[in-house]
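Please go over the structures that come below.
Below, subunit A partners subunit B and then partners subunit C, in two separate complexes.
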Partner chain A sequence: MTSTAETTSRPATRRRSSVRAQADARFGLLLATPALILVLGLVAWPALRTAVYSLQRVTLAGEESWTGLDNFRALFTDERFIHSLTTTVLYSVGFLLVSTLLGLGFALLLNEKFHGQWLARSLLIVPWACPWVMVGMIWKWFVDGEVGALNAALYQFGLIDSYAAPLSDSTGALVVAVLAGAWRQASFTGLLILAGLQTIPKELPQAAMVDGANVWQRFRHLTLPWLRPVIVVVVIINTIFGFMQFDTIWALTQGGPGEATSVLSIYLYEQLFVYTNIGLGSATAVVLGGIALVLGFVFVKLLYRSNAITEGVE
Partner chain B sequence: MRTSRLRTVIVYIGFALFLIWVLFPLYFTVLSSFMTPSEIGVKPFHWWPENPTLANYIAIFTGDSAPFSTGQDGGIVSSTDAVARLVPAIGRSLLVGVAVVASNLVIAGAAGYAFSRYEFRGSTVAYLLLLASRVVPAIAVVLPFFVAFRHLGLLNTSLALIISYNAFTLPLAIWLLKTYFDSVPRELEEAAKVDGASRLRCLLMIVTPIARPGLIAAGLLVFLEAWSEFFYSLVLTNGLTVPPVVAGLQNLQQFSWTTLAAATMFTVVPPVLIALAFQRYIVAGLAAGSVK
Partner chain C sequence: MDVRYPTAGSSSTSASLSRRNLLRGALAAGLTVPAVPLLTACGDSAAKTNDTPGTLSMTAWEAYPEQIRERLASFKDQGGSPVDLSLIPNVGYGPALQTRLQGGQAIDVFYNFAYASTKYVDAGWAGTLNDFPGVEDLLTDMFPASAARHRLADGRIISVPYFSAVHNLMYNESQLKKHGISAPPTTKEEVYEQCKKLKSAGVPSPYAGYWTKQFLEEYFLVYLLADGITPFDDKGAPAFADDPKTQDVMEWWKAMYQDGLTSKDVLTADPGNHVSAMAQGNSTFFELHHYFLQIVRTTEGPESENVTILYRNPGTTGTTLQVGEVIQLGAKSGGQRAQDAWKLLKFYGWKDEAGKYSTFTSWAKAAALLGPYPGLFKDPDFLAAFPSYYDMPKLENTFANQSDVVPTRVAPWYASFQVKVGDRIQAMLLGQAEVKETVEALASDARNLAAAGQ
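So, the complex of A and B:
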């Protein structure tokens, strides 16, 4: 998985004369400049601007005045925000667990040989290809209390006595939101872990089998350590996606019933575009962005450590 | 022998559960789109339409609700306004997607190549900052875009979406393409340079053709992201692209689920077909973009 080009290039770089090296550097800067300007203008600037808004009071007329941390104080004393925060944590934990475990299961399954394996491998990409918002829409009607096929199937198998409408119940709505999100994310997880599984050299499991290791031992001491870097990446991506989820929940419940599925992203949307409370909305954005940054930082840290560990073992 | 039979049983049970998990919600959507509103509500449930109908598809495209306007199915009558918006939205979604892909491949391609081949002062720091910018959640920085586009009079235009989508696809595309260029051997370029080819000529005539698989993978991932994007289109435009238009149909009472299902199909089928057709490129891109 490490790139070989970097190592082969070094002698060539050293041989270059300094004049040519300078011209090379100019050419590189020239090629990279448009992208750098765009990313500065389209990511760094809006992020900075949002941070500034979060420390200000902005009137409808567009007047801005500094208010220090007032917006954050208001945020953390707002019961709806605290409720949103806890809902988001609940949602992302569920989303992370279901998508990661199902994805791991799918990857292990599709790594086995069986009739229909090619079909299953093709189908694995299908939920991932569905836009998030459409996933929400499909699941909304799939679990619907009147026309939903899930009710119909459970009813016909005698598992339920009457059709249920989970989206009108607070717990039910959150569970469906987790399942719908995980329906797509488990595919993504499965695709990545399967790609990781396919890099395991064939001799390893065979050697372990000769040594008398059983299925669990092979999984625990061979497959899992091999997959560690991929799983670390997947866990962090799934956590971030859980925290930032908007589309699926919006299509499913728009945050309802009541406030049952009003996660941070929905709270943020409402503050900015329904109540036009720029200060409070931007403070929420800073909290959300802060969570993403911390998770991203942990991600890089863990990734480096797990790389060091696997490299140390090899 | 016994363990291998057990293995077979477990694998096929797993396969069956997998098929149900992936296909059941989708089958329900396809099935609904070929049914009348009254048939979808029947108990016991019809697992196959009694009289398959294309009326849902016709209704969302032409607003012609004639098949449902008489008898008990009268409720399906479609809003001509929403219908009038769906067809142009498909065209605009394609336009935005193609424009974002084109700008990404040129801009990110050049940058990715630079980071792979031509170090300049600060290039490592710049590259790391680019990677870090992937962590910034789109949803958290939407307001400055909104304010700036309102100021520039760009709200509710395709250009607003093309510009803002670049913010989140560029870092991904640069990462993917840099990784890909790293895996392309340099010998051909070195040889061409000895023959007197300029750096730019090397990039255009030699590297670009070799890097085609990487460019395709990056282009496909970027297109799928642009096609599927919902939040920015919802906030910055009045539903210019397909996802917010279709999601918005849910709020209109006159649309029954069967018609919504047909509209959903138009949003879901194109990316699914693309993903199936280019599976290998996409999986390679996803793996490179997330793991390396």
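So, the complex of A and C:
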């Protein structure tokens, strides 16, 4: 039972809290405004300019004229662009698979208790601490056909008869580029997944073991579903990194040999800074950004779906 | 909850300093700080000249930064303006500079790659130098062949030299003798034969060259010039395509790679790999800029001291490519400021107030770099900067009589051609394209790019 006084005071309390909430929201918005302006100025505005440039012919002197979709037509009839697009897809798929699986492996390993676990976990960060361009340079020496450590190791173990130079071979160069990039990204992936693994309540695997689940079954039916949201985030990030990769490939091969590792970002670089074709370069950036956006959207949808499934189960 | 503080001189009308007010103040500051550069960036970046004398701005790549600072201090000591130096890492210098200039940044003086120099003038980022006092004297002081890099065919003077170099074949003298080769090669065929012999005698990669995509264009010209082939005519048309000898040169090149006479990594290896190979005796020949001899000689290795330069490149004429980068005047400098900047250009790219080539002497001491002036080779300070293993009269002769700058290299479209050369010749070396097809494609690229003005 409620008293009359309590009943009459409720709308007033509600009004006060509503006013307070609105004021807080306005104040929150005000606080976020500087950051919002920075984001708009540094991300949205350049992105918009790039989109506008992609529909224009722009001279270095700054003269602009509208050309409609001409830049995109030129792009999709350029064999080099098609080749770069194909190479980018191949690279990104390889990068995504290797970095994600390797990262998952690292995380599972480092989630186990063993002597020196802290050291191993610290070492996991090392590749991530290397700048992309440095990764390219390290791997260039690592796979060198004359003095590379990889050749030396393979030769010592009797796995090869003579030193090989993968960077001078079209397929080899692409494989090395994928491995070099994925090596660094796997480190970050491992950290994210390891963080996810740490959140699994200890009782769950124990209960599964009591129920007689073996290692694979525990991984398949417990760990993997638990990690799904993390893995979706990882996949989004790794896909975007794969599509945007430039530094490592440039340091390794400059897009060569020939055009073997000429991915879209290298094509874009050449259009903007060598051919100084701002319109075509911007159109390339729009395509590249568009692909990343679509993939990101798809993966986010998957994430929501997986969350919905999880919630449904719960 | 508001916390009220008494303020000085206000007893009745007390001001309040609440958490909210404090944050509002911070918000105002937060809005102002980022807005300033944004508004500046949104401002008109069109060519407004700055005539005000004062501290000059200079942008350079990070090669020998201490020498650059010493040079600028010396310029100031000699009555020049103070200079605010901005250094950009070598990798990515071009894009960074282009972005700054396109964004409207005013730079009075900047290093530039020779191949980009005309493009920068056409874009309105760099100014012409024709009207400045003494510019004709500067050009007259140069080797005639070198001046073509700075004065365009249409008469515009667009830059002054930063440094110059020539492509030469370095070789290991004792290694040749050890394998029964009495003299270095004089033709490409001899290069091939000697490499074959060295390879079968156990030298792993007899011939080294910096054949990465970015540098292949230099080699393309070096190999053509050495056999007397004119790469481009006076109008910039690809004359190499009409010379049947071009195909022979390319066949030789392809055979050098495919017959394993080079390092396996030659298409991607850095010069450091080749320097090391020369110092270790894993390579006998190394074609690159003359100053790499100093690098090889100062690299630890059993063969370092046996490496020397062949001052005549193997080929029917032995002509080689003269390379060099440039310094340009920013287009936004006007009036007295432009005069001050021109003074810096003269100091940096020619002579100091005392009439000495002190900047070039500084580069010579630092890295055995050359300048395109005959007078340099008479300057005792400059000559003393070179180690004794350089034969300076022969180097001078190479500059004066046996090298070509290939003036087309500063055409606005040429940088794009360089990319094509890298792609196409690597494909040819890998066996993905025929020699004839490659030559035709390159000629077609040159014509198309020139026509498009790219």
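Quick note on the criterion: the second predicted complex is superposed on the first by the 284 of 314 C-alpha atoms of A that agree within 3 Å, B and C clash if a C-alpha of one lies under 4 Å from a C-alpha of the other, contacts with A are read in each partner's own complex, and residues count from 1 in each chain.
Here, a contact is a pair of C-beta atoms (placed from the backbone, for glycine too) under 8 Å apart; a residue touches a chain by one contact, two chains touch by 3 or more.
In this text the structure is predicted, and so the values were computed from the model without any measurement.
With the two structures aligned on subunit A, subunit B clashes with subunit C. Looking at the shared chain after the overlay, A:L123 reaches subunit B, while subunit C stays out of its contact range. In the superposition on chain A, A:G258 makes contact with subunit C only, not with subunit B. By the document's definition of touching, neither partner reaches A:G279: not subunit B, not subunit C.
Residue contacts after overlaying the shared chain place A:G94 against neither subunit B nor subunit C.
Once chain A of one complex is fitted onto chain A of the other, the partner contacts of A:A61 are limited to subunit C, with no touch recorded for subunit B.
By the touch criterion stated above, A:G242 is placed in contact with neither subunit B nor subunit C. Once the two complexes are laid over each other on the shared chain, residue contacts for A:F114 go to subunit B alone; subunit C is not touched. By the touch criterion defined above, A:D144 reaches both subunit B and subunit C. In the superposed pair of complexes, A:F188 makes contact with subunit B only, with no contact to subunit C. With chain A used to align the two structures, subunit C clashes with subunit B at 146-154, while the other stretches in 146-154, 164-172, 182-190 or 218-226 stay clear.
Shared interface residues of subunit A, touching subunit B in one complex and subunit C in the other, are 27, 30-31, 34, 38, 133, 140, 144, 146-147, 269, 272-273. By the touch criterion given at the top, residues 20, 23-24, 27, 30-31, 33-35, 38, 41, 45-46, 91, 94-95, 98, 102, 119, 122-125, 204-205, 212-214, 263-270, 273, 276-277, 282, 415-416, 418-419, 422-423, 426-427, 429-430, 432, 454 of subunit C touch subunit A in their complex.
Subunit A contributes residues 27, 30-31, 33-34, 37-38, 41, 59-62, 133, 140, 144-147, 163-165, 167-168, 170, 173, 252-259, 262, 269-270, 272-277 to its touches with subunit C in the complex. Interface residues of subunit B facing subunit A in the complex, by the touch rule stated above, are 7-8, 11-12, 14-15, 18-19, 21-29, 31-32, 40-41, 43-45, 107-108, 110-111, 113-121, 123, 126, 129-130, 132-147, 163-164, 166-168, 170-171, 174, 179, 181-186, 190, 199-200, 203, 224, 227-231, 235, 243-244, 246-247, 250, 257, 260-261, 264, 267-268, 271-272, 274-276, 279, 282-283, 286-287, 290-292. Contact residues of subunit A toward subunit B in the complex are 1, 3-6, 8-9, 12-13, 24-32, 34-36, 38-39, 42-47, 49-50, 53, 102, 105-106, 109, 112, 114, 116, 120, 122-134, 136-142, 144, 146-150, 152-153, 155-156, 183, 186-188, 191-192, 195-196, 229-230, 233-234, 237, 240, 243-244, 246-247, 250-251, 265, 268-269, 272-273, 278, 281-282, 285-286, 288-289, 292-293, 295-296.
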